[in-house]
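Just below is one structure, and these are the notes that go with it.
Note that the chains are named A, B, C and D in the order they appear, and that numbering of residues resets to 1 at the start of each chain.
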Amino acid sequence: MYPLTTTAISEAYNRVRQHSETICEPLETEDYVPQPVPFVSPPKWHLAHSTWFFETFIIKPFLPGYQVFDTDYNYLFNSYYNNVGERTLRTDRGNVTRPTTKNVYAYRQHVDRHMSDLLETLADPEALSLVELGLHHEQQHQELLVTDIKYILGHNPLFPVYKSGHNLVNDSNDETGFAHIPEGVYEVGFQGEGFCFDNELGRHKVYLHDFEISKALVTNAEFIQFMESGCYEDFNLWLDEGWSWVNANAINSPMYWHKINGAWHYYTLDGLQEVNPQAILSHINFFEASAFAQWKGMRLPTESEWEIASQQFGWGKRWEWTNSAYLPYPGFSKAPGAVGEYNGKFMINQMVLRGASVATSPGHSRNTYRNFFHAHERWQYTGIRLVK
Amino acid sequence: MYPLTTTAISEAYNRVRQHSETICEPLETEDYVPQPVPFVSPPKWHLAHSTWFFETFIIKPFLPGYQVFDTDYNYLFNSYYNNVGERTLRTDRGNVTRPTTKNVYAYRQHVDRHMSDLLETLADPEALSLVELGLHHEQQHQELLVTDIKYILGHNPLFPVYKSGHNLVNDSNDETGFAHIPEGVYEVGFQGEGFCFDNELGRHKVYLHDFEISKALVTNAEFIQFMESGCYEDFNLWLDEGWSWVNANAINSPMYWHKINGAWHYYTLDGLQEVNPQAILSHINFFEASAFAQWKGMRLPTESEWEIASQQFGWGKRWEWTNSAYLPYPGFSKAPGAVGEYNGKFMINQMVLRGASVATSPGHSRNTYRNFFHAHERWQYTGIRLVK
Amino acid sequence: MYPLTTTAISEAYNRVRQHSETICEPLETEDYVPQPVPFVSPPKWHLAHSTWFFETFIIKPFLPGYQVFDTDYNYLFNSYYNNVGERTLRTDRGNVTRPTTKNVYAYRQHVDRHMSDLLETLADPEALSLVELGLHHEQQHQELLVTDIKYILGHNPLFPVYKSGHNLVNDSNDETGFAHIPEGVYEVGFQGEGFCFDNELGRHKVYLHDFEISKALVTNAEFIQFMESGCYEDFNLWLDEGWSWVNANAINSPMYWHKINGAWHYYTLDGLQEVNPQAILSHINFFEASAFAQWKGMRLPTESEWEIASQQFGWGKRWEWTNSAYLPYPGFSKAPGAVGEYNGKFMINQMVLRGASVATSPGHSRNTYRNFFHAHERWQYTGIRLVK
Amino acid sequence: MYPLTTTAISEAYNRVRQHSETICEPLETEDYVPQPVPFVSPPKWHLAHSTWFFETFIIKPFLPGYQVFDTDYNYLFNSYYNNVGERTLRTDRGNVTRPTTKNVYAYRQHVDRHMSDLLETLADPEALSLVELGLHHEQQHQELLVTDIKYILGHNPLFPVYKSGHNLVNDSNDETGFAHIPEGVYEVGFQGEGFCFDNELGRHKVYLHDFEISKALVTNAEFIQFMESGCYEDFNLWLDEGWSWVNANAINSPMYWHKINGAWHYYTLDGLQEVNPQAILSHINFFEASAFAQWKGMRLPTESEWEIASQQFGWGKRWEWTNSAYLPYPGFSKAPGAVGEYNGKFMINQMVLRGASVATSPGHSRNTYRNFFHAHERWQYTGIRLVK
């Protein structure tokens, strides 16, 4: 995807880095600060952390004589890399008001200037591949920027508009019906020239049994039927942990939905709107996806099924819950050092999502891409595709 | 396993029911009461709950005119069957001192008497298959009885002996070396005449790649090496959640291990003993199993790999952690009603274990049997088999 | 109260020690075990702990050559005396099934035998005064035995009867009207010959303003009026912490009250009964007492007011919440060593109760006695006396 | 203090309102947002809440035809007045990024403009007295502004300077020795013409016994002796809850203290500095104050003792912990409605502090002023004065 030529990589670098700042353009300074729940990070933190990645893994090792911008930033903007030293408690990110947003933008400029110099001559393939990784890493944080901003604004009692016309929930299906996949041995996992994450590697054979997979994603209208049939109150449809989650949190609708004067509304980045029945359902977690499938008498696809079938339908409007746990492919092995902490250590108690969402940066996903979240999480743009 | 003839099933019923009481024979009345942690149940509760299963699912529907032993018992001894009504909070089981142990034994006799009458003439195949399920269910609780008793006594500062000579941790390996399994399409899942749980059904094809699997389980000596190499302090070996678990609980050894005057001891059902280096390691959780494999440069088998390879080694001394999440087989579907709550609703955030343990009731397991626990749990007799 | 003559103290020793066992007579073995909430202790523990007090503070120092009954018991049955070494976590008391109840009774006999020998000749005034303290200490645990047994049985879904005819909630008022106390300087605190706790000492002067104090305690009928007037839903009546407690726990009645078929019932030691409107209200906490007073347009007495007025009314049917925090009297000082941990270290965030209750051992209380509990606790027999 | 003439009250209004903004002048926009712990509020919130008080209690009822600035602000900026409707969860204040700081300043201007108009003609004595209350209320929030800003900046790993020269911890004692107060009946509580809070009213007689009270507050040097004598490890000195607090939080020094290269430093509003031994100790809680007094063989004064003795020493450099619980004076009664929620409902589980601190707004305190905090809190400028 980012062919490793000097010009191409410089161009990609500029484009990707600029995109993060474009996402933040509509924000007020205050919006950059809070961390309302542990899984959401302050926008300021995302901007700094993705910058720290380049400073730490590329500039420091490959640019001789480089002076770090601020020695405290390693402590402040390391996310989870134990190999790179101590770091701020994850739950304290929202309390760190300094460096200010302005300082963070200065940090970005400082690092961009040095990266720009470095990229002119950088030829070391390991370094180039780390730059590539850094750009994909930044794109992952771009998606989180969008969903975290939505969380921060969407939980404000004023329901502020992020940007007019920037409504990321109203996409509808272009296709209908089911695709049929015949039984047999198939190959899954990444192959080819471009970039992929380590968790996609180890292309391998799987045996799939016959299945039919829907070309359309579940819509709001269908989910309202589920709700109106009392499915949030019927334990028979739910996984045991899901049923506990529903009851402990008194859940009766997807995230961001509010019943106002008898009509369902949802918070969008364009403000509060009436729910569009034709639009693709979003912001449900694995428990809800699983209960919905149970109610329909169908099931969710496995990630292998999804990958093999993915050529038969358009995808990319929502991250789609699969019924596969996030586990290593045969032959998976962690890279040594900090970069090895990227994916492998999260391979427990999470479910795989496939596809991409309206918040995914352009060109970031692939049909072998393995996204993963916990079964109870629903602040991403997540959707449901059924199999029978 | 329990051929559905009148005599055979009566004999099986008597044998299995008696075994539960044999397990409890060495207990003092006080030992029947407590629930030191939510995942451990009071022995009194196990004895009553397995009895309630027969009363509720067999006697009440199939013995006309039956008067329940005590109408409150449904509330008290239902475990997790939402279809059968309200129940005591799981975490309150240890606070319910009445009915007493004596009452519970009377309840067992009452139910056994009626079951005995009923079994003389019972011919309805659905009923017979529920009896069979009830016996397997009771056997599952027999294993929990052993491990819960061990937990209760093993966390008592006096380390009381359960029964002399009843040491369930000193088994050693009979075999060495690795078995090789060639790449190809295999079939997994239960088939045949006997009993199996619904989660074993849907025999299906899987594609396995070449692998070598150890004929021996990891021993205490090997694990002491892991400990002495500082592996409990090296985050690079651990899953992220595992690393949090180690630190939050200050873990530095398997459960029941205590360093006394410089020597490792462990609590056994025969009291506190010095650790036997040749014995098979036990009481480690998935996080520890995974870190150990990482340190060895190997990995845990998937459940399909284990099942296919299982004919090439003896098994049954420990439940063996696999690297497979507990998820439905292709074609799995829940039975309607309460019995359908048996397995399916737990298919999230748990890992599969294969084999059997020294605490498993005779004849209870199979090589298609899918046991499952959460990644952090280690009060079962759990072990490690490695794959390379 | 326990005049320090050899005969009198031996007689008192036997009487008090016997009373603890009489309280436990109606229990089943299982009832001795659990600790359903941290503030309730297992009856077995009370019996052992009060025995440990005599072994530790009297027999060990004053009986040369004494062999302790079991060296582990210091660890198991120390309550909160840091000076006497490590101890079981308070919240784990309910999980310690061994020593059994039988062992604990044997421990009592062993200690009683040695105490009996010792008391024949004991003349050391410090030792005698420790014996006296030990007996008052045991009497305090006798009251807790009663209330903890009530908690254990009263939270059992079967509402078992402790002992027929042993209904400790149906006392009614013998007096009506208000006593008037004129403004002036008064003296409060213990004086005289008998026993008192260190927290009653430092008799001192206080200045009281005119007040009128009710001769009767609040009845169930009055409290039902409070409930039916919606007072549990009116924040204006409640302290801020009380309002949080009401809402977090969905409180709408005193402890042990249940509305059954439209009628209020309460659990008594004689089983579930319909609420007696004439009986004195019990099992309310300080928050409820304070809200009730606020609703009546009156207030609770201070502990000095109560003490001075106490000669003008009968008391002893309920511990009465005062509006005084539990703090040291002028001149209070802690005794050195473990005995000094008896009272002083609890003088923060608790409220004083005066009087005695139907569960108080005969002769245990005085009108200078300072009982204390946290504002949210209500498992004691607590009542309300109003001042205007 | 604020004589109720039109000119004087206008002048006071302008001065007090301006002072809040002066405190915030050195802040960056980001500093206005977070709530790192529930007891700290965002500066933005303080600025808005004190403004809401004037809008709600004065402008809305007394200025006919007034349009509220924003109807959502009642929900957002009500603190704890149940009588004024629903409000944001206290723990969510730090997540509300909109209205922005700029909006909040506009809100202040809007309200100030209307107050200014209103004050020209306001003659209703109830209204004037509410204005006076509003100004004292704002001064209380000014002190919290200072201490909350210190908390936010002082827990930032960068230890940013709030304002150079603004070091509020280096005051030292001007006096030495002890004042002697003879036994007798004294009067305490507010009397006179000026303003006081309702909790100071009910001037009443108390009987005090002889005592000697230190004219000096405890210094850092004295507290370092306490620390170096191992007092944080000696349970005998601590209240039971205090000892739990020390251990649960691994406390070994006052708040804001850090040992760096062997020397004690503390965070001040002027940045990190070496501890000044002569300076008055600050940022200790009641538990620490009580343990220190115990170690010295002295005690803390009661609030009555402090009030009577206060004419014999200078005070105002630190809020001084007394050994009195925060409880109503004889004759205390809550005002009806929302204003009655000001003080009375907090009269449980808090301790009284007397004096004033370097962060108290000029002219705000009196020697009858009753400040109160929980025993574990220490982010205020708190100090220790001893009695023997």
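Note that a contact is a pair of C-beta atoms (placed from the backbone, for glycine too) under 8 Å apart; a residue touches a chain by one contact, two chains touch by 3 or more.
Predicted, not measured: the structure shown is a model, and the values here were computed from it.
Peer 1: In this assembly, which chains make contact with chain A and also with chain B?
Peer 2: Where chain A and chain B might share a partner, there is none at all.
Peer 1: Write down the chain pair in C-D, A-D or B-C that repeats the interface of A-B; the criterion is over half of the contact pairs matching by residue number.
Peer 2: C-D
Peer 1: Report the inter-centroid distance (CA atoms only) between chain C and chain D in whole Å.
Peer 2: 37
Peer 1: Chain B to chain D: how many Å between their CA centres?
Peer 2: Taking the average C-alpha coordinate of chain B and of chain D, the gap between them is 58 Å.
Peer 1: Approximately how many whole Å separate the CA-defined centres of chain B and chain C?
Peer 2: 45
Peer 1: Residues of chain C that touch two or more other chains: which are they?
Peer 2: There are none in chain C.
Peer 1: For each chain, which other chains does it touch, given as pairs?
Peer 2: Chain pairs that touch: A-B, A-D, B-C, C-D.
Peer 1: Which bits of chain A are touching chain B when the two form their complex?
Peer 2: Touch residues, chain A against chain B: 80, 82-83, 185, 204-207, 209, 235-236, 238-243, 286-287, 290, 299, 323-325, 327-328, 330-331, 340-341, 345-349, 351, 375.
Peer 1: Give every residue of chain C touching chain B within the complex, in rising order.
Peer 2: Touch list, chain C to chain B: 28-34, 36, 44, 72, 75-76, 88, 92, 94-101, 152-153, 155-158, 160.
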